[in-house]
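Some structures to go through are shown next.
Heads up, the next two complexes both have subunit A, just with different partners, subunit B and then subunit C.
This part shows the complex of A and B:
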């Protein structure tokens, strides 16, 4: 039996909103350590990997591993029914047909309950090996979101070039081009505003902005984003959850055809 | 013309072999398309609102060119690289089938003549569509158009499907695209269907994975071919009364056509009758060892379109609108330039889901597989 209580419903709301545009159906795997999700979008370009650690819940109990096959569109509608500050509890039996979502108002004695039918989702599990990345960038998540949103107006692809002392984002389209250059920057007072670059090797990679635009929907989950890049390898975009856990996106790069 | 019931058999025994997705998910793939098949489709389907084929001022049909032009562009826009494969000479065995088709056309012509005065427009149209065949000139026109568009094509020495499969098998392209299920007999790694259908039909692409199909059926390639022959191919007749279910059962039981024939002949009470002088072995040979140009000998190159050439041909000679042809050429250019989006496959290895978890849902899985929509989206009750 699964029983997971969030102190505030907004966390789950943000998580579901962050991934529901790239994957429609996914399995929530519940174990004693927390809830994990792994899902690949239809075109097999973007992989979502979520961990909501036990610590993210105010109360958490899961005696046996449970898989919840969830239609995120329907789930997101249910989650929107709660107020942001409400307690949110997820409840499921050991081999469940449905998952219960319970909202409790903290002051008033109002309790609302929603049940969502589960689905049998055939999904394969991808094994992600720890990879060596050439470059690791840490930056404010809002900064990254702005870059993606701005440069999306220019073309469909975003080129990221990282050299010793700068990160350059470029988008070249028919009507023109745009670029943003960032340099490492340390803000002593607000460390989350800092930009750091760890560079083993310079990289030059291109990504589809359509997918990046899906990724930045997770911006509200964390003040900072970590971007790990390596040549000809899927990039890793990570939003850490303050309360324990992460939301990671793995995005396959674009290639120039060399034939 | 399509192996009867093969689709169903594969769906039943190897649901995993079927995938449905939108055209855009094929980005970055090269595909070999059976051109003769799709020209025929275009002649049937690309029509004006009154049901007449498109023509230019002097009355020559241009439906095939319109279909070829716009649907190719749609693929290129989705970052797909098509190569068209044209039929060569038909194999001798196909003579019977071709004769049948000729007879059908003659029959349709007779019908038209008889109802021309009395029948409704719709009725006449129905028979008129049966008259449609792709002429040699139309084939040549399509090739000329492809050349101007910078899209490669291959002249197959014999059957186009076989050549498509050969290109896919040798890694020149990702998949063979044909509506004809026969194509599976030539062992392409993937067969795509509905690729050249009109966008308006909203028909998802069907992808059939050969290896999974055959694994699910638990057959070898020769057995699979034998079954297709039983189901009906272009090369020879079938045994009367043997449908998909029986064909599957017979192959499973006996293992080969020889054994099945032996079984039927040694069993006078059998309700089946083997056709006389049945050339099943020759048909099988055509599938096992088709006449194709080896993949290694084929070079495919996608080039910039020849815009002026297109204008001259399509606008001046064939009466298409200049604006549309120009914007189409722009799309071709653009599609050629953009980099190819990579996929995650190949970077991450797939781990099979722990089987135990799926255990309690088995019943659902089964039901899921025969539902038409998609085999993994079944709501649990």
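This part shows the complex of A and C:
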């Protein structure tokens, strides 16, 4: 029996909106500690790793580990039926063929419920080791989103070069090129606006902007994004959830053709 | 008769009765001194007996007269015997009022005066203690009886109220939610306080972290001053090699293309011929006649086709020099490869080895996650 109640339906709404564009079908693995998702996009370039911790729920109960195979497009439509401030409760039996989504208005006496049929999704679960990264960048998520949106217009690839005193995002295309240079800085009044760069080794990596554009759809989940880079290794883009948990994207880099 | 009056009682009676010449009833005496009426009667009669010369008294006689109860006020001691004679049987005779012989009050005046004193309901206990006859305590009985019916009434009204709720709960299963979801709004509201506090506390934590990291890491410098220079430098550095390349290109590729006898080279020859051919012809005709003729024929063909062709060729040459020059700097092998493939316009633009310098955007291939992460 799974019963997870969100104080506000917006959190789940944002999560689903963040991942539904790169992953259509995914398994929600529910354990006593919370809900996890791991899914890879069709081209196997972008991996989504989600943890919604128990603390993110106002009430949470999961007697047995349950896997919910969910079609995110349909799920997204259901979740949009609730008002942002409604309570949202997920209900599922121990071996479910459907998951119930229940919205309850906080003031009025209105309860709405939606049942979503589950799917059997074969997904290979990838083993992700804790890696040592050469560079860790913390920055406002909105700022990263803007960089990606802006540079997406120039070409398909985004080159990220991190040196000891700056981070340079470059996009060079047929029509022209653009680049954004960030330097670490500290905003004492608004720490979330700060940009920090922890550098062990300079990094020069290139990523597909198409995938980065999918990643920045998670911007609303967190005020800051953590970018971890290492040479010839998938980059990690992490949005931490304030209420406990995270949404991580692992993105494989682009290499030179002859390498 | 024993003296039952206390010192204060005697003093009070003496002052009021003799000195102030005011009447004293047993009731007023009881009130003033806070003693029982029976005691007040005793004290009053004693005082009267001792001061008969100055005082006169009125009496109350109770008894029976021809089978009915009779209560009679005897005006003074003189009328007392006559009044007593009217009774068949006298039950009690007690003193009512004592006053000075010099002032004469009618009983009505005294009784009327008696009515004037205020009755305070909060002092009933004192009155009772002083002789007020207390009736059966009706109030307590009423209180205990009243509340009992009311709860029974409310309990009678409650069940109907609870019935609807139970009936409302039943339809919740049938007409309501199929998932048997039970709203816990109230409970949630109580818990909400906790969750909210947790939530905020976590926010604070997350706020603290960046501060710590920031403080440990870098110090803020006025970026406006700093950023301008590196940004420009970067651009300059990009352009720098290119400019150099162009400078170097002029002779390197031409020498190689010259060896290959491309169309491009012919164009050069044509240009040369424009200026030098005449002089060459003039100076040494016999040596170079054949070549010149050939060249002139080619030149004519070229000129016939289009004069404009020459300009694109020139531009292409300029473009071709850029990529070729870069490889030259890095590796000479790459250059030779280019030269081999020299379809002069195309290869010059898309020179492969130059990808690093120029085509960082286009020439990369997307790798696959599966090559990094193993399956579980």
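We take it that the second predicted complex is superposed on the first by the 258 of 259 C-alpha atoms of A that agree within 3 Å, B and C clash if a C-alpha of one lies under 4 Å from a C-alpha of the other, contacts with A are read in each partner's own complex, and residues count from 1 in each chain.
Note that a contact is a pair of C-beta atoms (placed from the backbone, for glycine too) under 8 Å apart; a residue touches a chain by one contact, two chains touch by 3 or more.
The model shown is predicted, which means the values in this text are computed figures rather than measured ones.
For the composite obtained by overlaying on subunit A, subunit B and subunit C cannot both be accommodated without a clash. In the overlay built on the shared chain, the residue A:120 is in contact with subunit B alone; subunit C does not reach it.
Within the superposed three-chain model, A:143 lies out of touch with both subunit B and subunit C [touch as defined at top]. In the superposition on chain A, A:42 makes contact with subunit B only, not with subunit C. Residue contacts after overlaying the shared chain place A:128 against subunit B and subunit C alike.
When both complexes are overlaid on chain A, the residue A:58 reaches subunit C alone and has no touch with subunit B. When the two structures are aligned on the shared chain, A:234 is found in touch with subunit B and with subunit C.
By the touch criterion defined above, A:21 reaches neither subunit B nor subunit C. In the superposed model, C is the one of subunit B and subunit C that contacts more residues of subunit A.
Legend: residue contacts after superposition of the two complexes on their common chain; A:67 is shown touching subunit B, with no touch to subunit C.
When the two structures are aligned on the shared chain, A:95 is found in touch with subunit B, with no touch to subunit C. Common to the subunit B and subunit C interfaces on subunit A are residues 40, 43-47, 124-128, 156-157, 206, 208, 233-234, 250, 252-257.
Those residues of subunit A whose C-beta lies close enough to touch subunit C in the complex are 5, 7, 40, 43-47, 55, 58-59, 87, 89, 91, 100, 102, 104, 106, 111, 113, 115, 124-128, 138, 154-157, 159, 165-166, 168, 170-173, 177, 179, 181, 183-188, 191-192, 194, 196-198, 206, 208, 224, 233-234, 240, 242-244, 250, 252-257. The touching residues of subunit A, counted against subunit B in their complex, run 25, 40, 42-47, 65, 67, 95, 97, 117-129, 156-157, 174, 206, 208, 233-234, 250, 252-257.
Interface residues of subunit C facing subunit A in the complex, by the touch rule stated above, are 176-179, 181, 183-185, 188, 191-192, 195, 198-199, 202-203, 206-207, 210-211, 213-215, 217-221, 223, 226-227, 230-231, 234, 355-356, 359-376. Contacts from subunit B toward subunit A in the complex involve residues 21-22, 24-25, 27, 334, 338-345, 347-353, 357, 360-361, 364-365, 368, 375-381.
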